[in-house]
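Same chain, two partners: chain A is paired with chain B first, then with chain C.
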Partner chain A sequence: MIPELGHYALVLALFVAFAQAVVPLVGAARGEVAWMEFGRAAALVQMLLIGVAFGALTWAYVVSDFSVANVAQNSHSAKPMLYKVAGVWANHEGSLLLWITILAAFGLAVAMGGRNLPPGLRARVLSVQAGITVGFLLFILFTSNPFDRLSPAPLNGNGLNPLLQDPGLAFHPPFLYLGYVGFSMAFSFAIAALIEGRVDPAWARWVRPWTLAAWTFLTLGIAMGSWWAYYELGWGGWWFWDPVENASFLPWLAGTALLHSAVVVEKRDALKSWTILLAIIAFSLSLLGTFLVRSGVLTSVHAFATDPARGVFILALLVIVTGGSLTLYAVRAPALKAGGLFAPISREGSLLLNNVLMATAAGTVLLGTLYPLIADALDLGKVSVGPPFFNMVFVPLMVPMIVVMAAGPLLAWKRGDLPGTLMRLRVALAITIAAFVATWAVMGGGVGQLAAAGGIALAVWLFCGTLAEFAERIRLFRVSPGESLRRAARLPRAAWGMTITHAGLAVVVAGITGSSAWQVEKIQVMRPGETVEVSGYSYTFTGVVEGREDNYAFTRGRFEVGREGRPITVMEPEKRQYANPPRPTTEAAIHGTFLGDLYAAIGDADGTGGWVTRIYFNPLVPWMWTGGLMLVFGGLVSLTDRRHRVGAPTRGRVAADAAAQPAE
Partner chain B sequence: MTRKQRRLNFVLLGMLALGAATALVLTAFNDSLVYFYSPSDLKERQIGPERRLRLGGLVEEGSVKRDGQTIRFVVTDTAATVAVVYNGQLPDLFREGQGVVAEGRLDNGVFQAAEVLAKHDENYMPKEVADALKKQGHWQEEKSAK
Partner chain C sequence: MRRLAYLLPVLLFAVVALFFLKGLGLNPREVPSPLIDKPAPALTLPLLKGDGQFTLAELKGRVTLINFFASWCVPCLSEHPLLMEMSKKGTLDIVGVAYKDKPEASLAWLARHGDPYRRIAVDNDGRTAIDWGVYGVPESYLVDGEGRIRFKQVGPLTREVLEKTVLPMVKELRK
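Here is the complex of A and B:
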């Protein structure tokens, strides 16, 4: 009964969404207040209905109702409760339902919050948002109904892929989707602005918090996925340039660009049509990501079970959304008045460079990701584009960006003073050069270490440049320390957010450099009692024990790890054999230190008393996670900026809006 | 600076980025495109050890032999077979009779795998492998179902 209720609620939500997509839009065009206000009520009803549907599916998972096909295929009664709930979105149908639920929640947030939004703009935003909902609801109802029944109901379910039975991955999809779907807000605002034919600093100020929220969630989602791959797949790697990883990275790149160009619109009323275009691109890439993951057109380590009909449907949706919005853009964008002028060397100029490089990087990653499809379609043979391609293309584009990133925030708006800025960065530059030479010397010199030392120097440059900018703002050492502190406390949260995220990126860059340049890997067969030495740590293998947990049996190896004769820790990697579904997984043992992770995994027995063991030293990997958390934290700090909530500038065009203002 | 000049700067910057990206992409493509072959393709074509490639098919039943950490197995598309040597840890879902994709180089008829690709889902058949098997007429639809 409850699943039928959920299904029914989805069908009702479709009708509500359809009405919401039309009525407020027409209302805004005609200036009918009641019609525009309808959007807010509809958004609320829609959220309730979709919430009921999501609740119904969750209920079916919690009570293990195996008469629901989706539950039978993806759950099992012996699963821990956490994974029963996470199972809701660990499959195609459920994850789409989660997608729509988040979409509805964002819609409700616009409807309820943002009281200072002009009613016309809000009505149009809600309509565009509902239009997206209509597309996805049709998709769910026609191709991926999560409430399909099975008759007869099986006694138990197939269980959840054990690789996904992991706390890190349980929350990875929701955050990723909060990011993906969050960009729908920027998209809806962009389309609404195109319909209105008007983009101004106020518009940018309304869009920024949504973009920032989406970006923060997406960053967290990507970091969680990467972290999961690192400890769960047991390969010691954290990023594989896999199509599905790229699918989440592309919107991140576009979103990062959007975040920065929106600043220029807000502060300087420039780059308007470019910002609109970026908003369209960021959301289109989110949709493309969904398409790539859901259709399985690309060979990927993720590869969900797929169905061509679904792929075609999402592709059609993608064509309508992207094609439609780009057409609208082509028609309306020339009408947008160009804004403030600026010199190439200026804050705007540096933000523009960030945008160009981010967009180019996104373009090349997109090309690399889609090239196998293109080659297949053109009969150029079956190819795969691997990490070497992405590293060769992506790194050279990011290097100039990071170089400029340290200096950009120090430049003045409109017309910057380059020599003056460089003067203020001279300490940072000196430290950077010292770091380069020191890293190069410590790592043994030679041509091979130049790139790695360069990477570390880049990180140091960005970190010091960011701190220099912060010191400049609080006038460190030029006024009394107490006054500096007072200044720091009075800084807008957005400034704090920028400092934290830029510094965080520096830490990430150091982590990436360290782990890709200096990883040490040793694979060998070890018998109990044997010792291997990896990066100065000795690993003594003392044998394996076998055991059993609720839903899996394990083989646990034991390593006593020491350094220079002193014991440091005991590492116990496992191989697990899950029961439902029957499948093995690897659980690496990781011991973090400041300079790197000790990482051990155990493989198969060789049949003569030895075990294949893999031991890695992964330098600076903990830095990557720390830096990733700094990015997220900086995003959150920036979100709490008062300016996002109150005091949004009122629009110049009072007359038109006032006519539409409801009597409150 | 006038509006026109600014637009020109903007366009120049864009062109520069685009040009750089194109150059990067072309060089990178040259060095790092990895083509996919089935065992039958490999038999037909002469490919030297300098070219990195992907080999896909089924792991032949009874062909997996372990010698310390070195693993030997045979990949088949039912019409032709290629012997594979791999030094390292196999993915958890590697099984005899299942689809597999290996990346590496072909050296004197023996495929030296640098990487054997893992799949998160055992029902999943790499698309290239499925196509290669279809070509040999040995594709059972029920295997692809779900």
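Here is the complex of A and C:
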């Protein structure tokens, strides 16, 4: 009964969404207030209906109702409760439902929270948002109904892929989706602005918090996925340039560019049509990710159920949404008035360079991801594009970006003073050079270490440059420490957010450099009692124990780890054999230190009393996760900025503000 | 000219969308074997039933399907009825290669489900399978009378593949 209610609620939601897509839009065109207001009520009803559907599916999972096909295929009564709930979105149908739920939640947030929005803009945004919902509801109802029944119901379910039975992964999809779907807000605002034919600083101020929220969630989602790959797959790697990883990284690149170009629109009323284009692209890349994952046009380690009928449907959706919006853009964008002019060396100039590099990076990653498909379609043979390509094109694009990133925030708007800025960065530059030489020397010199030392130097440059900018703002050492503190407290949260995220990226860069350049890996067969030395740590293998948990059997190895004769820790990597479905997984043991992770995994027995063991030292990997958390934290701090909370003032006042304080 | 620049994104997208449409009809998991039309690698292995060795020379002059299987392989079971039917009708000679399987287990499995094979070789350590480019079971290779590989099926053989691709090829090769 409850699954049928859920199904019925989805059908009703489709009709409500359809009405919401049409009525407010027509109302805004005709100036009918009641029609425009209809969008708000519709958004509320739609959220309630979709919430009922989502609740119904969750209920079916929680009580293990195996008469629902989706539950039978993806759940099992012996599964811990956390994974029963997470199982709701660990499959194609359920994850689509989660997608739609989040879409409706964002729509409701605009309807309820956007009190400062002009009614016309709000009505149009709600209509565009509902239009997207219609597409996805049609998709789920016609090709991927999560409430399909099975008769007779099986006694138990197939279970969830054990690789996914992991706390890190349980919450990875919801955050990723909050990010993907969050970009739909920027998209809806962009389309509404194109329809209105008007983009101004007020518009940018309304769009930014949504983009920022989406970006923050997406960053967290990607970091969680990467972390999961690192400790669960047992290869010691954390990023594989897999098509599905790229699918989440592409919107992130576009979203990062959008965040920065929206700043220029807000402060300087420039780069308007470019910002609109980025908003369309960021969401289109999110949709593209969905298409790539679900349609099976590319091979990936993420094997979702693929089905050509679904692929055709999502492609049609992609063509309507992206093709339609880009056509609208081609027609309307030329009419947008160009805004303020600026010199190449200026805050705008540096933000524009950021945008160009980010967009180029997104373009090359997209090309690399799609190349196997393009080559196959053109009969150029079967190829796969691997990490060497991506590293080769991506790194050279990021180097100039980080170089400029340290200096950009110190430049004035409109026309910057490069020599003056460089003077203010002289301490940072000195530390950077020292870091380069020191890293190079400590790592033994040689040509091979130049690139790694360069990576560390880049990180140091960005970190020190960011701190220099912050010190400049609070006039550190030029006024009394108390006055500096007061200034720091009064800084806008957005400024704090920028400092934290830029510093966080520096920490990430250091982590990436360290783990790619200096990873140490030893694979060997060990017998109990044997010791192996990796990066100054001694690992003594004391044997394995076998045992059982509720839903898996495990083989647990034990290593006593010491350094210079002192015991440090005991590491216990596991090999698990799950019962439902029957599959093995590895659980690496990781011991984090400031300079890197000790990482141990256990493989198969060699049949004569020895075990294959893989032991790694992964330098600076904890820095990557720390830096990733700083990115997320900085995003959250920036979100609490007063301007976002209070909401934007009316259009006229913002324009006046922007004119009055051009060099904020 | 300026308007044209604004058209660029949608035109680029149209090209990408066309590729996607084409891509939906392609199978990225299908990897063509580099061994097609090349002489088959050696297949010198102990026989499952009785003593002695199996060698490819035995197949000279006849078109044969070489089928890599294992008793632990679930998809093998799904193609098994088709292989049984082929062997009963005498459509095509099939030689089985038991891949990474204990001989007792292979024998028990064949006793339970039927034995469609003319000869069965045992590839216990999977070395020969590596030479043949096997990356999972089941996989089947069509070998012609001169010992060249003409066709490779990755995954279970289906009736559609058999009737539309394999049998017409066999007919051609037997001429």
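Here is the rule we go by: the second predicted complex is superposed on the first by the 649 of 664 C-alpha atoms of A that agree within 3 Å, B and C clash if a C-alpha of one lies under 4 Å from a C-alpha of the other, contacts with A are read in each partner's own complex, and residues count from 1 in each chain.
Assume a contact is a pair of C-beta atoms (placed from the backbone, for glycine too) under 8 Å apart; a residue touches a chain by one contact, two chains touch by 3 or more.
Please read these numbers as outputs of a predicted model, since none were measured by experiment.
Novice: For the combined arrangement obtained by superposing on chain A, do chain B and chain C clash, or do they fit?
Specialist: Pair status: clash.
Novice: For A:Lys382 in the superposed arrangement: first (chain B), second (chain C), both or neither?
Specialist: A:Lys382 contacts both chain B and chain C.
Novice: Figure out whether A:Glu572 sits in contact with chain B (first) or chain C (second), or with both, or with neither.
Specialist: neither
Novice: In the overlay, answer first, second, both or neither for which of chain B and chain C A:Leu373 touches.
Specialist: second
Novice: For A:Gly311, using the defined touch cut-off, is the partner it touches chain B, chain C, both, or neither? Pick first, second, both or neither.
Specialist: second
Novice: Just to be sure I read the superposition right, which of the two partners does A:Glu32 touch: chain B = first, chain C = second, or both, or neither?
Specialist: neither
Novice: Check whether chain B or chain C contacts more residues of chain A in the superposed model.
Specialist: Of chain B and chain C, B contacts more residues of chain A.
Novice: Classify the contacts of A:Leu341 with the two partner chains as first (chain B alone), second (chain C alone), both, or neither.
Specialist: It touches chain B, and chain C stays clear.
Novice: For A:Phe291, decide between first (touching chain B), second (touching chain C), both and neither.
Specialist: second
Novice: Would you sort A:Ala330 into first (chain B), second (chain C), both or neither based on which partner it touches?
Specialist: After superposition on chain A, A:Ala330 lies in contact with chain C alone.
Novice: Mind sorting out which residues of chain A both chain B and chain C touch, each in its own complex?
Specialist: In chain A, positions 296-299, 382 sit in both the chain B and chain C interfaces.
Novice: Could you pull out which chain C residues touch chain A in their complex?
Specialist: Residue list for chain C touching chain A: 2-3, 6-7, 9-10, 13-14, 16-17, 19-26, 28-32.
Novice: Could you list, by residue number, the parts of chain B that touch chain A in their complex?
Specialist: It is residues 1-3, 6, 9-10, 13-14, 17-18, 20-21, 24-25, 27-29, 31-37, 54, 66, 68-69, 87-90, 92-93, 101, 103, 117-124, 126-128, 131, 146 of chain B that touch chain A.
Novice: What residues of chain A sit close enough to touch chain C in their complex?
Specialist: 273, 277, 280-281, 284, 291, 295-299, 308, 311-312, 315, 318-319, 322-323, 326-327, 329-330, 333-334, 370, 372-374, 376-377, 382
Novice: Could you list, by residue number, the parts of chain A that touch chain B in their complex?
Specialist: 161, 163-164, 233-235, 296-299, 301-305, 338, 341-344, 352-353, 356-357, 359-360, 363-364, 367-368, 371, 381-386, 388-389, 392-393, 396-397, 523-525, 581, 583-586, 601, 603-604, 606-607, 610, 612, 614
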